[in-house]
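Some structures are shown below for you to check.
The following pair of complexes shares a single chain, subunit A, combined with subunit B in the former and subunit C in the latter.
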Partner chain A sequence: MNSSFTLESAPHDLGVTATGRIMKILILTLIPAVLTNIFFYGFGVLINILLCLVSCLVTEGILLRLRKRHLNLLWRDSSAAVTAVILGLTLPQLLPWHLSVIGSVFAIALVKHAFGGLGQNVFNPAMAAFVFLLISSPVQMTSYVSPVPGNCSHLTISRSAAIIFGGTDSREQARKEAQESILESLELPGDRNEYYRLADSFTGPTFLTDVMHERPVPSNPDASVRGWTEGALGSGSLPWLFIGHIATGLAFLLGGLALLALRIIDWRIPVSFLTVAGGLFTVFWLANPDAFLSPLWHLLFGATIFGAFYIITDPVTAVPKPQGAWIFGGTVAVLFVIIRNLGGYPDAMAFSVLLGNAAAPLISILTRRREFGAGSTPEVLHDHD
Partner chain B sequence: MNSNWKNIINGVLYSFRGGVYPDEHKSGTSGLHSVSLGIPETLVIPLRQHSGRAAEVLVKPGQHVLRNEPLTSPANDRQVPVHAPVSGTVTAITEAPIAHPGGLTEPCIILKSDPENSAEEYQNPSYPNYKEIPIDTLLDHIRNMGIAGLGGAGFPTEAKLRSSVKAQNCEVLIINGAECEPYITCDDRLMQEAPEDILRGIDILRYILKPRFTVIAVEDNKPEAIRSLENKISETGLKDIRVTAIPVKYPSGAARNLIRIITGIEIPYSARSTAYGVVVHNVSTAFSVGEAVLRGQPLTRRMVTVAGDALTSKMNAWVYLGTPVSYILSECGYRPPEIPRIIVGGPMMGFTIPHTQVPVIKTVNCIIAPDANEIKRTKPQVDCIRCGRCAHACPVRLVPYEIYDYCVNGEFKKASETGLRSCIECGCCSFVCPSAIRIVAAIRIARAEVKNEKLKEEKLKTARERFEAKKARIEAEEKARQERKAAALARIQAQKNSAAPKPAPAEAASPASQDSPALSAAEKARIAREKMAALRARKAATGNEAAPERPSEAAPARMENSASENTRPLSAADKVRIAREKMAALKAKKSENEASSGTASESPSGNSPENAAMAQESPTPAPVPEEKTASQENQPLSQADRIRIAKEKMAALKAARKAQEK
Partner chain C sequence: MTITEILKNGLWSKNPGLVQLLGLCPLLAVSATAVNALGLGIATIMVLSVSNLLISLTRRIIIHEIRIIIYVLIIASIVTCVELLMEAYTPELYQALGLYISLIVTNCIIIARAETLASRNSVFHSFLDGLANGAGFSLVLLFIGMIRELVGQGTVFAGMEQLIGDLGTNLKTQVFRSDDGLLIAILPPGAFISLGLLVAGKNFLDSRYRKKRLDKREAEITSVE
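Up next is the complex of A and B:
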């Protein structure tokens, strides 16, 4: 009989879930959102994602090599790809290419590997890169495409590529073509000029930025968020905006629910985040509807849904303990509401996530699980009556 | 009646957090009737087959033993004996490899079975009328029959029972038939095939423990077993007992988790379940208790599940304890795959063995011979992403990724603080880990390290204590010596004063004016002696080898004089002092100069210490002793002479010591 048998430590049976599989499923669940984004915002989204993907993977490869790790980790854990896709989805759709590349390199090299690679980074790489770009080139980073149904046929691959990669001349040329195409396709009801006022070009500040500027301030005490949004709605030009946002929001929600169903992410984090954020937005809104947007709109616009399911749930930078997950989601939500309603940045997801990340280790240490049997008393069964 | 009790009696279940659902792989063997395996030619019977120490060996190599004959005999609580499963001859008692992942060896009795297994067997007592037998006798009997927990841990059954009997507080007896590990079906088969025997065993346990209620807990993937037990219970009309089907979940068969499921009570890992009034025994243990008490059958055989796709026939086999795994595998038609693995125990908590020449013992419930792709081999490991799956799966509600971090970074103290000791090594965390991190392995290593550290610390502590004790002893001795010395000096001084109270004022001048009329002859002699001794000492210290020039040469002449003059009898106190001084001199001499220890035996003459001192001082002891002996022959020594000699000895020794110190 064979005398040398293989030895391995228990347990011998292992579950099917693998880290690489988690990451790949995460990317797959984003497909509906990517498609919706392309439909409403043009092919710039796809180009961004691919651009980030390439630069993230190349950076990851180089750094794995430098850290003397096996290159097959690129595929095996696929974590760089997830960062790339998330970053690609959050960046402005027609961002000049070099910014996307710089952001990707920053995310992988500095935010992730400089801290020890996968599992060791303190901050969410995609969000850190986003904030880095937002602070270093605020103009480009706040210029988003306004959602228009069928934008994929206006901002085609070639036009988007020309805007992203091209020199000044070709960029202007492509922009002009795209804008004309959009305006022709839109059979705008009511006053066209009103539309131009709101979106003088097809890119510009987002809805949330506009809202931010409509807050009543000492210099302009008569401003009213409610009045402005109602006016915008009444003009009939905004529904497109809403449809675009609703559609992408639903696409992200769909993917997020799939993640929950597949148990890829911890349900506690999005639930606690959305509950706390929704509650706080309501409180603000009820207190002063002139100054603050209604919670529904808040949940719809910006990266709220996307962030709740895909960004703050990043296990590395969140708190994986059950209790800690509740606290972490709530913490990020509070920061999110405060920055969005009172801060100087229109969308608060990136900042609140980073601040939450910084707090995560502390939350993790402070939340201890109650060990099995801790605090139980022996009297239970001896008490017969 | 509180709600816990109601739920226990009505079979309302609680649940525990965590746990996993691995593939069951039970269908292959759960439907097959058990098979009795034959008797191998040689059985290897480890002395220790339970958790605790081995018992004392009763047999000698070459001795013939009968079936069921005890081979060892227990001396204290945690010892459990082993018995001869078959009749045969003890060929050796030696270290042999046991079923252990490290291929460890332990003392074993090698038994060569008789070619014809005779029907004759050793008669152990049996108690079919156990209800009339004192509980203490039954408990002793259970121990003597070698019963240990058959669920896997091998805890001595008698010890568990006795602690509960002593506390007299057993409220609920849980019979564990959960069998939650994949592959294993031996308890399932036993419940299907021998429900009556199991119930008899349970009845004995109930007689011993006197619980208020008994629950037989079986996972609901064993409907046949549940049915057969329930039928038997209604047939026999047993009261206060129920079979409770519990949902499949690993590890619901772990004692504390099972207690939680049945009673709703969480017993901390630091506490004993008896304190909570709950006792858990495995169904197989209950079965063997029945066999032992009713038939006097010691634990020499057990049912083992032999499964895995590398076997042509899977089975539940009755195996004699001591049967080599290789024998079982060949009986089951083992075809080794490319990378062969043999798992002893289940796939979650079992272990792989390096070779198959190891015996089946009381705690072996399963042997798995998996095919190449049957049980997932180690997945490639990637970095931990702190997804928290391990924490959600942990039935002890620990945070394994945290403990793992501490373990691999050597922070064992922090690991202990976060629950290293409470871990039951069920393997759930490793099972769910998407990064394929061997968390349990790391925890085991850390535990071993912690244990080692503790041992080391204890060793260090005892060493330190010993050292301190030695130091204290030496110091005390030294102090006592100093005190004696001071006392002796004081005495000498006192003696001096009392011996020569009048000439005392002149004493200071005496060296200068030796012929002073005030001095008596005896006094003069004493002074001279002292001077001489001092001189000699000084010379010895400076290493002067000119022995003939020594003043001691002159001593005999003067001694004669003084001896005649100084004949006054010595007081008793003086005698004691002299004796003591002599003893001290002797002792000192012995310790200081072992080279010339031969002379010590001549001591009756009283000069040997001096001889020894001289021998040490100079290579030429020279004529001194000879002269001395000559003078000694001439006339017997007076007491005064003895004093003198002793004093000289002392002085010489002191000088010698000084010289040595230099």
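Up next is the complex of A and C:
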């Protein structure tokens, strides 16, 4: 019986995957992480995200107009919104507003549209903007809020807004109020007035920055990362940090697993990134525990989990092919470990992602699937006969 | 080639900085402030016009097979003179520009103008071409320098006294506080980004002009019909 009518060629699986749907699900899976961030870091996170959203969408609208594209792309592919949310989550929580706006404009206008818009950009827009800001104003970009449970009631919307948008006076006033409120809740030992005299104790360099300065260097060979972390643990100043970072890490992991379950992102990239990074961190740590942090801490602090699921898996700038995805995740992980352990910057997600993006086209070409029979010389074919 | 053509090519349509993208090394490295840019620009104009003049004068006696070596010899001696002049009259600027003055020898604009124009044109045309190309390059350099200085540290023409003495002390304009500047503009990435934006701006203006001219011609054709 001639069955050509019932036989169909591949693909048989018809999905409803569309760019806009992927992007909207991505934003939805970030909701737990945003809520956790607000709980531990105050409402500055939310203000940052909204600020980035507004400036990214306005820039995207203007550029779509300039490039004579239809404005409904704004809603249909929603990629500008994803860039905005990721950028808003990575920026320091109380960053002055003009820097967030400049970063968003840079991400959309120069990193995305100058290269040809969505799908054509070589670099991850959010991370490129982060590096742009980090190089532009290193002081503001490295002072993060220390996580304290219930920070949302200390760094309230009005206080955060005053610090982000306000002039010098209102900023100082809001900082002081937030500081007093936090100290009030912590029940610290000793004379409370001693703490009040500190100008600013709720923002500052992150844990990873502190660790970076505790590495033994030729000028200070006796420094020890292990000794420093043990000392900090002993004095009781770390548990809050731990709780905050574990909670945010878990929230990102939850969202990331949802993305994996919905097959929005390729599972190979986070798996290869986390295993290679974990393995290399372990090697460094076993080689010299005085100079390098243990892998568990590295996975916990900074943007490791967030980056593994949300940043390096960006479908435009990662490598889509199976073998390529393994190699891409591994490449970013190697760069990540090297920059974090040996470099002059505390966290390395942004830099390693950008370098990995630059290598992605090459990886993509090198892992091209070989056509059947291609690449074999006639003699070889003959031998197999 | 007419005089207007030479001027137009050097300053706009074949601008060495924006169209030919020659001499990118000094263009990107020395444009962190307007003063440095202007200083190097003036030095380049001097070297370029004098080298074009000398090469055009001697073009009939230069042996064709070894012409590049002779060009470099001529250019290097002019650069040495300019360098000594700058060291004598603008010592601070000389310190700030450092190696880049001597590196004018290897600036490909100068060899390019010598090879393509001065070696086969009259003395006057060559000299004028040197001036036009040098001015075109210096304007781009100055423009990038002003943008980078403004964005990076909120000033324009800071330190002009290094170049023109007491006259320059009042030229400095503070637009906003230096602390609010975007440091990246002064660093190398800022140079690449501002040059890219300038090239894009020039292409935009060109395409708009071309479109206008096309529209005008079409209108003429329909009116004739």
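General remarks:
Heads up, the rule we're going with is that the second predicted complex is superposed on the first by the 342 of 385 C-alpha atoms of A that agree within 3 Å, B and C clash if a C-alpha of one lies under 4 Å from a C-alpha of the other, contacts with A are read in each partner's own complex, and residues count from 1 in each chain.
The criterion applied here is as follows: contacts are C-beta pairs under 8 Å (C-beta built on N, C-alpha and C of every residue); 3 or more make two chains touch, one makes a residue touch a chain.
Please read these numbers as outputs of a predicted model, since none were measured by experiment.
In the superposition on chain A, A:Arg21 makes contact with subunit B only, while subunit C stays out of contact range. Once the two complexes are overlaid on the shared chain, A:Ser219 sits clear of subunit B and of subunit C alike. For subunit A, the partner that touches more of its residues is B, with subunit B and subunit C as the two candidates. In the superposed model, A:Ser136 lies in contact with subunit C only, and not with subunit B. In the superposed model, A:Thr168 makes contact with neither subunit B nor subunit C. When the two complexes are laid over each other on chain A, subunit A has no residue in contact with both subunit B and subunit C.
Every residue of subunit C that touches subunit A in the complex is listed here, in rising order: 180, 182-185, 187, 189, 193, 196, 200.
Residues 98, 102, 110, 114, 132, 135-138 of subunit A touch subunit C in their complex. Interface of subunit A with subunit B (complex): residues 1-15, 17-22, 73, 76-77, 79, 117-120, 266, 315-316, 320-322, 325, 368-374, 376, 378, 380-385. Contact residues of subunit B toward subunit A in the complex are 1-2, 4-5, 16, 20, 22-23, 101, 169, 171-172, 182, 212, 256, 260, 263-269, 271, 275-278, 326, 329-330, 334, 336, 339-343, 345, 347-357, 370, 375-380, 382-389, 391-392, 395-399, 401, 418-419, 422, 425, 427, 430-436, 438, 440-441, 444.
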